[in-house]
Each structure stands twice: as structure tokens, then as C-alpha cells.
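In what comes next, chain A is part of two complexes: it sits with chain B in the first one and with chain C in the second one.
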Partner chain A sequence: HIATSLPLPSERDHLRPRIDLIVFMIDIKSKYSLRNVEASLAYVDASFFLGKVCFLVTGVGRVNACSIDTNAVCKLGETYCSPVLFCELELEGIRVVTAQRLVRMLQICAGHIPGVSALSFVSLMRNSDDD
Partner chain B sequence: MDETVAEYIRRTVLKIPKDEIKTMLQKWGFLSEAQLQTLNFHQIKDNISQEVVQLCGSNLLLQKGEHMLENSADIKQAAVLDIIYNHIYQNKRMWSVYQMKKSGEELDYFDITDFKKKFKGILRPALKNVTITFKEYEDNAIWIRVAWGTPYKKPNQYKPSYVVYHSQTPYVFISASVLKSNLPLLCQALIVASNYHDIREMELRSHSLNSLKDIVFKRYSQNFQTYSPKPLQGGNVEPESADIRIVQENRSEKERIRRLNQDVFGDGPQPKLEFAQYRLETMFKSDPKMGVLDKKEPFRCLVKFSSPHLLESLKSLAPLGMADAPLSPLLTCIPHKARNYFKIREKKGLFPESFVSP
Partner chain C sequence: ENVDPQKTAFLLRKAWTLYSVTPLYRFRRARLRDYARLLSAFIAAEKQKGLAVEVGVELDIKVTVSSLADLVGSEQDQAAVLVQLSLRSGASSRNSEDKLVWSGWFCSVYGDDLSENVPEDFTCLPLFLTHGAESYTSMVGSWFQKTFDCCFRRLAISPLNLSWMVAMWAGCQLDRAASAVELVFSVPRLSQPLDISYAIHPEDAKALWDTVQKTPGEVTQEEVDVFMDCLYAHFHRHFKIHLSAAKLVKISTAVASAHCDGIVKILHSQYLSGVLMLLTELAVSQIQ
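So, the complex of A and B:
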């Protein structure tokens, strides 16, 4: 399901399946995009932040057009205990690999992989120099 | 043939892209078809232009013999070639739009010969040295080329001004040369020749002459407000070629944006402008206790938007999610108000429709 912002329109509530993973896409070329994501985060139930939220930063290939500081995005990821992935959608190879990663994460979040749950992502997020 | 004329013709031919040279010389009509056949258009442009100059030279000698014309006749022919070049490559120049006003009388019947006579009658006595060339085109456009001189200097053929006048309208499109000092005289000549009373410069400039015409002649597709209680078939405009497994959650929002966009911009292609410039002179508003800028002077600030095709990019902003819809009326009013240079001052409505030049 693709949405431009949260909250989701209520008229489609009955058509929606269970949500297993939320991927927030941030276009590094647009400050508007980051602000939109920050505003939408307020509408996400706290239980999602146990591994079912991920940030995907797109457009990183165009170094000249960056409008957002990557530090800001990484801090966002830390604040919300969620992984941050970087990709460039205009390159087919990276697009495919990123899609495969997301599908893998989705499988785990949906419980299709025995022995691994979304909570594992949270523990993987901790920095090695935290200890 | 005068050397300056020969050099001017040579340089004009050099400007033309190689595969266009033959057609442009044919349009010019100064060289006969037989002469054109003798030219080799496959050699380098330098050589082509030299051959053209030689042929022109021999032509003019013949004319001289018959009519005993002065040198000014030679430059007239060269000027026509220059108009033809600039008519085809009109988008290389920057055009400004001027509007003329009648003092209230009814439209006189337009006589082209009278117009030309009066136009020359203003410029020639004032400058003594000036080259004026006219060419009429099918769309009722009169192209005027003016090369400026002074009573003591020959006209500078390399920095002419071009004027495009549609006689049935009060609008004139001018691509001035860098010699701005001649502009008032040019305006004077235009109003006298066309029987108007006054002329003012509109705040509208662009490289695309046709787009400027579209805007002032209102030829672009405007959207007229019609009352439609429900979207006609607005629901499923998106191509359903997308994967069925992808579900758009914000379909109604997308539809709202699409409809708003269509209301503002209409359906057809937008006129092509490259800039919109906003000159702000507004007061700084802050908490009075902060004491910033105690002097009550307005802030001056210039905001300029530029794009290869400004209006199309504004049109795509909301659908692409880069701006909220509806867009600011300051941006969307550009074609309706026929201006892309704005002065924004304090209160009293947003933009003063000033008839003052910047």
C-alpha cells in the first residue's frame, strides 16, 4: 500500500490488511519529504517501533542535489530505534537489491521466517561501542 | 560591394547551421536558383560563406549598373537576410512586450505603407544614419529591423533591434540591442507610425516569442470555471497499468490535486517562460519587544524562479508531491496577468497592478 502521508484515509479502513512493516521513504533531494515523514511519524502506534518501521533514503546517487543532512536522518533512525537504508532508485541494480532486502525484512516482520522476529532488528541496531 | 556589407553577409551566413543554409538562401531570394545550384553546400561553412559573398557581389554590381543605387541598397539586402535568420531562430533572443494605448478614437484602417513612412520619418531625421528594414509574414506579423547609428557614425549592423508588430493588436514585441538609449526613440516611432497615443512596457519577458504571443493574445488553453457537481469521470484517470498488488491509499487526495491543478492550469500546454521574478519590499514583522530593525524601512529582497519551462514545472509541483496544492496565486496568476516580473509591497492587496516600469 502506498500513501503520501499519515494518517491513512479512514474511508479505506475496511479494505486494509494487517500492516506488518512501514517503510518511510525520504527523498534526500527534498526537505519537504523529510518534514512530511517527521509529521507522519506522530501517527504511528508505538508498537510498530519494535522492528516494524524502517527508513529508506532515496536519491543518494545524486550527490550535488542533496538537501538533507544524512546525520539528521541517522538521528531520526536512532530516535525511533529503526534501521535506515540508503539507496538510489534510478539504478536498476540497486533498486533490485533494495527491494530484496525490504522483502526479506517484511517476511521476518510477518512471521514467515521461523526463529526470527521483528524484535531481532532492534537488537541488531545497537552500536557495538554502546557496550 | 562595400567591404563592410560583404563582411556582414559573410558573418550572417556563418551563423546559419550548415544544413539550413540552402533553404535560408532560397527564402532570401537574392541569389537566383541558378546561382544557388553552383554553390557547393558540402564544403566547410567558411568556404560556403565566401562563395555566397562572391555571388552577392556580382549581383550587386549588376544592380548598380542598372539603377545607379548608392551603397545603402546593398546593406538593405543583407538586412533582409538577417531578419530571415532571426525570424527562424527567434528563440535565441530575449523579447519584451509593450502595449500601446489609443487616446480613445476608433481603430483606423491600417495602411502598411503609411506605417513604414511614418516610422522612418521619425528615426531618419533624428539619427541621420540608421538602417530600417521591414518584412511582413503571413500571420499578420510585421518584422522591423533597426540598426542604430548617429549623425556622425554609420549604423552598427551587428547590434540591431528587432520589433514584431501585429497590426490588428496593440502589442509590440521588442528585442532590443544592448544600446538601450535608443529605446525611447523607437517607442516614439512606433506610436506615431501606428496612430497610438502611448506605449508602456509590460512586465513580461521571455525567449519564446510565440509563448509571449500566446499569453497576450490569450491563445493558450485557459480553464473557464464551469460548475460540475461531481467529477465527470475524474475517478480513474491514472493508468491502470500499474501492478494490481499496489494499492494507492490517497487516491481521493490525488484526485483533488489533479482537479485543482486542472482548474488553475487548464488542460493544454503552457506558454514557455524561463523566469518569474518577485521583487519584495515588505516590512519585517517581529515581536516589537525584540527591537530588531527599529527603523521602519522595508526589507528589499529579490526572489527569482528559473526553469527551462517554468509554467510546466509549476504545473507538475503538486502532482509530484513537491508542493501543497493549491499553489500560491502569485505563481499561478502569471499567464492571466500576463506578467512574470512582480513588485510586492505592503498590504492593500497583494500585487499592485502598477503600470510603472521597474
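So, the complex of A and C:
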């Protein structure tokens, strides 16, 4: 399911399947996309931030068109205990790899991989901070 | 600012194309006259090869290479180096004036981040600015690359860096009446390209920056963000357009103007050092 912002319209709540993973997409060329994501985060229930949220920064191939401070995005990831992935959608190879990563994360969040749950993402992030 | 305005007058009000340059190996300041001779011979040889600027016209290019001690920031900065190409007029050596056709200068203003870490024998002048035909730029660049084993790259300016520039320069105190602060945005993904020009009265822009900046002399990313967000919000209130989703391509203030393709015009000598310091920093981060 793709939405341009949150909250999702309430009319379709009863038809909507369970949400296992939220990927917030930030376009490095658009300050607006970052502000939009920041505003939408307020509508996400706290339980999602236990490994079911991730930030995907796109357009990183074009450093010269950068409108966003990447430190701010990394801080956002730290604040919300969620991983930040960087990718370039215009390159097919990277697009495919990124999609595979997201699907893998989704499988874990949906509980399809025995022995690993979404909470693993949170503890992985904590470990890198302690180093 | 102890910069001699006469010596630096040639910098003002010209559109300079920006490059980053890696450190020059075994550049000797005592040999500037030699370098001028060698570069002149190189250009003459290139023209003989058929790469002449104007075909069929006998042109004699005179090269001067000089040092500009005024354009430095810290004690570690090397003095700037200016290269000028002039057309020698006429076949005889009559005293009619030579016509300046191309200028380029290397400089470093507070480029300590780079110069601290290079071995001896290397001269750090990371910022290169050119004005004149691209063919001359290419010849001068080739000669420097071959002679000093350095590497030139065009310096593009991202929208993020342009927003730093407009925030800092709009906040500069100027004696005379200043021109408007202008931001030009390009709107992506339309069938017809659309440019939006947003002009702000310089006093309003300065007043806004003064309320945002907490410590005089210091600028943070948060302060630049607040400044830009105010401008975006104001525009959205009136026109219902989110400029933050468009690409900032050019900014213009009374101090200087800058285009994302790496073209800068310095309009006021008072803040020359500050402008060059910012550009040096961009050049150094492109090199590293």
C-alpha cells in the first residue's frame, strides 16, 4: 500500500489488512518530502517503532542535487530507533537490491521467518551505538 | 578586512566558473615567469595542432602568471595565483593595449582542512575560478595537470549549499542600498520546464535572518533550515505552492550570486573573504 502522507483515510480502516512494516520515503532532492515524513510520524502508533518502521532515502546518486542535510535524516533514525537505508532508484541494480532488502525486512516483521522478529532490528541498532 | 580593493577589483561583477583542484606538486612561486613562458609555448603549440580558438586568424597569446598575496584567510593559506591570457594586438609591437581574453585564479581561503594533511612539496590552492572561453580553460587546465600532476573538476553547488549561501549573504550588513534577494527554483517532472523566481526585499530578508541567528558570526544548519522554512511558508501561504519540493538552482543577493552549475558572481568587495571561504570549503569537500 502506498500513501503520500499519514494519517490514512479512516473510511477504509475496516478493509485494510494488518500493517507489518512502514517505510518512510525521503527524496534527497526534496526538502518537502522530509517535512512530510516528519509530520506523518506523529500519526504512527508507538508500537511500530519496535522494528516495524524504516526510513528509505532515495536519490542519493545525485549528490549535487541534494536539498536535505543527511545528518538530520540519520538523527531522525536515531530518534525513532529505526534503520535508515540509502538508495538510488534510478539505477536498476540498486533498485532491485533495495526491494529485496525491504521484502526480507517485511518477512521478518510479518513473522514469516522463524526465530527472528522485528525486535531484532532494534537491538542491532543499539549495538552499533554502544561501539 | 585588509584586502586592497584596487587589486581585487577585477574579481567583482564577473561570472566565474568554479573548479576544485587537487594540490599542486612542486609548484615554485619563484618560477612564475617561467611558468608563464611555458604555458604560452604550450598554447601556441596547441593552436598549431589545429585546436585554435579562431581558425585562420594569426593570434599571439600573451600569458601572465602572478601572485596575489591579499587573497588569503589563515596563515596556512597559500597566496592566490592569477593567470591571464591576453591577445597581443597587431603584428607589430605598437603600444596599443593588449586585450584580456581569459582569466583564471587559484586560491585558498581558510583551506586548512586540506593543507594540514598534505605532504611537503604540495601547494594547496583548492579553488579555481575562470572567466573566458572554455577552450582556453581547457588548455590552461591541461598544462597545469601535466606540469603539476593535479586534477580539475567542475564544482557544482547543491541546493543545500545554495540555501546556506542565501541565508548567510542575505544577513550581511551593507552600507549602500542593496538589491533584492532572489531565489530561483526549477520545478521537476513537468512536460514544459518551469522556473519560479522568488524575490524578497533585502531589508525583510536581513530582518528575518537577524531573528533566526542566535550567535553573531556563527551559522548552524538548524538556523538555515528555519530561515528557508519561513520563506517557503510565506510563499505557500500566498501561492499554495510548496517550493521545498522544487529544486533551488540559483540565488542572488547584494553580496554575491550563485548558480547550481558552479557559477558565481561576487558583487561586493566587503565580504569577498567570506564568500571565498565558503567556496574554498566546497572545493575542499569535493576533493576529499
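By our rule, the second predicted complex is superposed on the first by the 127 of 131 C-alpha atoms of A that agree within 3 Å, B and C clash if a C-alpha of one lies under 4 Å from a C-alpha of the other, contacts with A are read in each partner's own complex, and residues count from 1 in each chain.
Everything below uses one rule, namely that a residue touches a chain if its C-beta (ideal position, glycine included) is under 8 Å from a C-beta of that chain, and two chains touch if they have at least 3 such contacts.
Remember, predicted model here, so these are calculated numbers, not experimental data.
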{"item": "Fit or clash - chain C, chain B, common chain A", "value": "clash"}
{"item": "Touching partner for A:D69 - first (chain B), second (chain C), both, neither", "value": "second"}
{"item": "Which of chain B and chain C A:R12 touches, first, second, both or neither", "value": "first"}
{"item": "First (chain B), second (chain C), both or neither touched by A:Q107", "value": "neither"}
{"item": "Which superposed partner A:I2 touches (first chain B, second chain C, both, neither)", "value": "first"}
{"item": "Contacts of A:Y32 with chain B and chain C, given as first, second, both or neither", "value": "both"}
{"item": "Residue range of chain C overlapping chain B upon superposition on chain A, of 37-45, 55-63, 199-207 or 271-279", "value": "199-207"}
{"item": "Chain C-contacting residues of chain A that also contact chain B", "value": "30, 32"}
{"item": "Chain B to chain A touching residues, read off their complex", "value": "246-250, 252-254, 321-323"}
{"item": "Touching residues (chain side chain A, partner chain B) in the complex", "value": "1-5, 8-9, 11-12, 15, 30, 32"}
{"item": "Complex contacts: residues of chain C adjacent to chain A", "value": "156-160, 163, 188, 221, 225, 228-229, 232, 242, 244-245, 247-248, 260"}
{"item": "Chain A - residues contacting chain C, complex", "value": "29-33, 35, 63-69, 71-72"}
